[in-house]
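What follows is chain A paired twice: with chain B in the first complex and chain C in the second.
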Partner chain A sequence: MIDKIRAKARELLESGQVHCFIGYEEGTRGKVRPAFIYEPQDADRLIWDERCTYNLVTYLHQFQSAPNPRPGGVRETPPPVGILVKPCDSRSLNVLFHEEQVEREGVYVVGLTCQGVKVNGQPQARCQRCAERVPLVYDLVLGGVPKTVGREDYADVVKLEGLSPGERLAFWTKEFDRCIRCYACRQACPACYCFECVAEQLDPPWMGIAIDLPQKQFFHVMRAYHLAGRCSGCNACEEACPMGIPLSLLNRKIAREVEALFGYKAGQDAQTPPPLATFKKEEELSL
Partner chain B sequence: MSAENRAQETRGQGDKETRRGTPTMSEANGTMNIATRDDVAAWLDGLSRDLTLIAPKAVEDRVLYRPVAGSAEIAFDFGKADLPAKEYFLPSTHVLFSVEKDKEGLRVEEPSLEEGRVLFGLRPCDARALRVLDALFLKEPVDPYYAERRERTTLIGLACREMGEECFCTSLGLAPDDASDVDLMLTEVGGGRQEEGKGYAVQVVTAKGEAILGNLRLREIAGALPEPAVREKTPVLEAEAWSRYFDHAFWARLADRCLSCRLCTYVCPTCRCFDVRDYETPNRGVERLQAWDSCMAENYRRIAGGHDPRPTKAQRLRNRFYCKFCYYPQDFGPIACVGCGRCIARCPVNVDVVEVLQNVATL
Partner chain C sequence: MATDFEPQIVGFLCRWCSYPGADLAGTSRITYPPSLRVIRVPCSGRVDPLFVLKAFQDGADGVMVLGCHPGDCHYVEGNYYTRRRYALMHRLLEYVGLEQERLFVEWISAAEGRRFAETVTAFTAQVRELGPWGREGKDGREGREGREGRKEGGNGGGRRREVS
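Right, the complex of A and B next:
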């Protein structure tokens, strides 16, 4: 499997089909980390195992050219890149394709079938909930035929919904109180790609620079709303959080609402617009 | 009341000249002053009646320095707090002053700083970090807020028995049991991690430390302080040598995987950048806020007109390392890294400062 990934990356780089291949490599202290391979001979650094949790799709943003700021200006075509995606990552990729943040032709997608990843040796709850074992979008798919498929039951969300509003407020206050406003969650998120985040905008000063509870709550609730119908549940935010805040719970609460209201799940394809980004004539507005 | 008087009061009676840096205790004659954990707990409870006691506390699955009501809340058995104690000297958010308008005219209010504090359980790296911050904030022009907070806080250190997984303090010239940056040093002795027979060897380092010793029951026993287990050091380049590698392609490749978040700077005990801005208050007044800022942030160096002299994340990441190992030592003296390893432990994408130091040494 690793050999096939390395061979494909080498071939893509040698043929000039891509100028960089984004995968995983061995890091320090037994950790795995994102790898950026520019030379064919470096392809042997690539690895693939159950520690490969990162959603590499986040990194596609840095390979895009900035849009021409002039009206009617066109974006320069960035040099193509190759990328490894797991099924969960492929959903993020679909979101970015749909939102025209990444051009389909600009990415060579090596999909990997996946039976779930592990963080510190622990199987991830998100993998047990994952209904895809084969990426939804790819140019080449590698890996064995998956045996089992997970199922999302929103058990933890249901449990939280069972609490009274006061108890829920107390729960989230306790969680957000630990936030240090480092924005690791936002930076790790493939769907958070604004040039300037509301949280950091200085004029107008929506949030300000204070690192206090109101700003922390505002930031996380705002981010969750901005991800409504767009979060594909890759959990990169929660895994990046240094303070162990259960961010996926908030995102999945909203994902569940979106699914219940509109029968929509983010990232299933690159064509269907997310419900909150579209409008139907027959929609009833209670404005 | 002047700052000096307030500081005197905080220290309490029996204040003598500082003995920082001099040999302490009875090391010379091979004895230690031991206090049991129960006695230390009772002593801290006593201190907490008059002073704010800040100590490591379990918060969910993290250990954080928090004000505690008493010793029952303290996590005595901890490796290293997940966040440093920096926030008690350079708070993440601090109102410098506010201006309110009423019938009488304009009123300027300056929030009063915290009263006397005792910080228990400070690890030697976090204590050294304060010494590193002193080099900047206590240099003329002195930062009065930092100076006051520093003056009003007595530091009770807790020596490490071993180096944690990501620790590399010895590479930066510290030792896991370094007592030189605290007022009072406690070292766990005997009994391993079990409660029974466990005690602390108490070293008085400064007069400030001696002043809070009060009625802590000490028992003199024969023996020497246990030697902590240390690991091999990572060589750190001299500040002057760094300029050679400024334009090396290494930084761009390292930064490929950097997320440009602020995590490393906010968990760092020596990162000290802050921003100052004015905001409207609910009463249509204005307040001037100081809050942490981070050189890793995309808008950190943006100036009027929108120009950013450090626009790429490779430049920003390089700056973090140059600030710590080149600029700060050149400008203020100490290296702005104490080897606590928090950035290594927490970086979501394995940017590892020890690996960076090793790599730079071989460029």
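Right, the complex of A and C next:
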């Protein structure tokens, strides 16, 4: 499997089909880190195992998304990139394709079938919920057909919904209060690609600069809402959070509501219009 | 709950239906509570859910978003988007612990002055019942003092901007 990935990366780089290949390599202290391979001889650094939890699609922004040109200007086509994607990452990739952040032609997608990844030896809860074991978008898929498929039942979300508003507020206040506003969740998120984030806008000053509860609440609710119908559930935000805030509880709540209200799941394809950018005239939505 | 509590409500009113509706309530001399602070917007579709969050962050006790009836939008389809956005926003805010009765989205036409007054009265009563948002007794951080203090050139306070 690893040999196939290395061979493919080498071939792509040698033929000049891509100028960079994004994958995983051995890091320090038994961890895995993202690898950016520019030379064919470096392709042997690439690895793939169950520790490869990061969503590499996040790194496509720096290669592929360029600001829109000024009127009359020509948009420069960025050089193509190769990337390894797991099924969850492929959903993020679909979101970026659909939002025209990344061009399909500009990316060579090496898909990997996945049985679930582990963080510090622990199987990830999101992998047990994951219903896809084969990437949804790829140029080449590697790996055998996996046997098990997970199921999402939103048990923890439903449990939280069962509490009274006061209890929920207490729960989220406790969680949000730990936030140190490092924005690691945003940086790790493949769907957070704004050049200027609301959190840092000074004119108008949406959020305020205090590291105080109202600002933290604002930041997390704002981010959750901005990801409505776009979050593919890769959980990179929660894994990146140094304070262990359960962001998946927030994002999956929205995903669940979006599916219930509008029958939409993020990242399934790159064609269906997103739920908040479209409407039906005759629909009953309780407000 | 303190009986002398008067809620502060921020209302985003669409320029074509609800704002003239409020005008009609005024010219018809129908009284409604002074708790409502009206912000005129071109369309209810202009009301970014961020506005609502910002209002709650800065201490509003309730937020109203009023627009044209579906099908009557001056811009043809603005309020259909509003409907989808706030259906979702409602559920999200409720989930993070804000009582869903604090956010109110309704369609009020330019001819419905009386209905406007009744709606504002009913909503004010509803919020009064719930008590202050995010002040004493809730998280204990954002007291009324804190909010009053912030008006003196604090974070974003005293800044006047038209939303357009």
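Note that in this section the second predicted complex is superposed on the first by the 272 of 287 C-alpha atoms of A that agree within 3 Å, B and C clash if a C-alpha of one lies under 4 Å from a C-alpha of the other, contacts with A are read in each partner's own complex, and residues count from 1 in each chain.
Going forward, a contact is a pair of C-beta atoms (placed from the backbone, for glycine too) under 8 Å apart; a residue touches a chain by one contact, two chains touch by 3 or more.
Given the structure is predicted, the values throughout are model-derived calculations rather than measurements.
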Next on the checklist: Contacts for A:L261 in the overlay, against chain B (first) and chain C (second): which applies, first, second, both or neither?
Outcome noted: second
Next on the checklist: Contact-wise, after the overlay, does A:A184 reach chain B, chain C, both or neither (first, second, both, neither)?
Outcome noted: first
Checklist entry - Which partner does A:M222 reach: the first (chain B), the second (chain C), both, or neither? => result second
Next on the checklist: Quick check on the superposed pair: does A:E196 touch chain B, chain C, both, or neither? Answer first, second, both or neither.
Outcome noted: first
Checklist entry - When the two structures are overlaid on chain A, which partner does A:P275 contact: first (chain B), second (chain C), both, or neither? => result second
Checklist entry - Counting only touches as set out at the top, which of chain B and chain C does A:I209 meet: first, second, both, neither? => result both
Checklist outcome for this item: Across chain A, the partner (chain B or chain C) reaching more residues is C
Checklist entry - Common interface residues of chain A with chain B and chain C? => result 205, 208-210, 212
Item to check | Of all residues in chain A, those that touch chain B in their complex | outcome: 27-29, 31-36, 54, 58-59, 62, 174, 178, 180-184, 186-188, 196, 200, 202, 205, 208-212, 239-240, 242-244
Checklist outcome for this item: So, in the complex, the side of chain C touching chain A is made of residues 49-50, 53-54, 57-58, 70-71, 77, 80-81, 83-100, 105-106, 134, 138-139, 141-142, 155-156, 159, 161
Item to check | Parts of chain B lying in touch with chain A, wherever the complex brings them together | outcome: 59-62, 64, 82-83, 92-93, 165-166, 253, 256-257, 259-263, 265-267, 275, 277, 279, 289, 291-294, 297-299, 313, 344, 346, 348-350, 352, 354-355
Checklist entry - Which part of chain A faces chain C closely enough to touch in the complex? => result 160-161, 165-173, 198, 204-210, 212-215, 217-218, 220-222, 224-225, 228, 250, 253-254, 257-258, 261-262, 275-276, 279-281, 283, 285-287
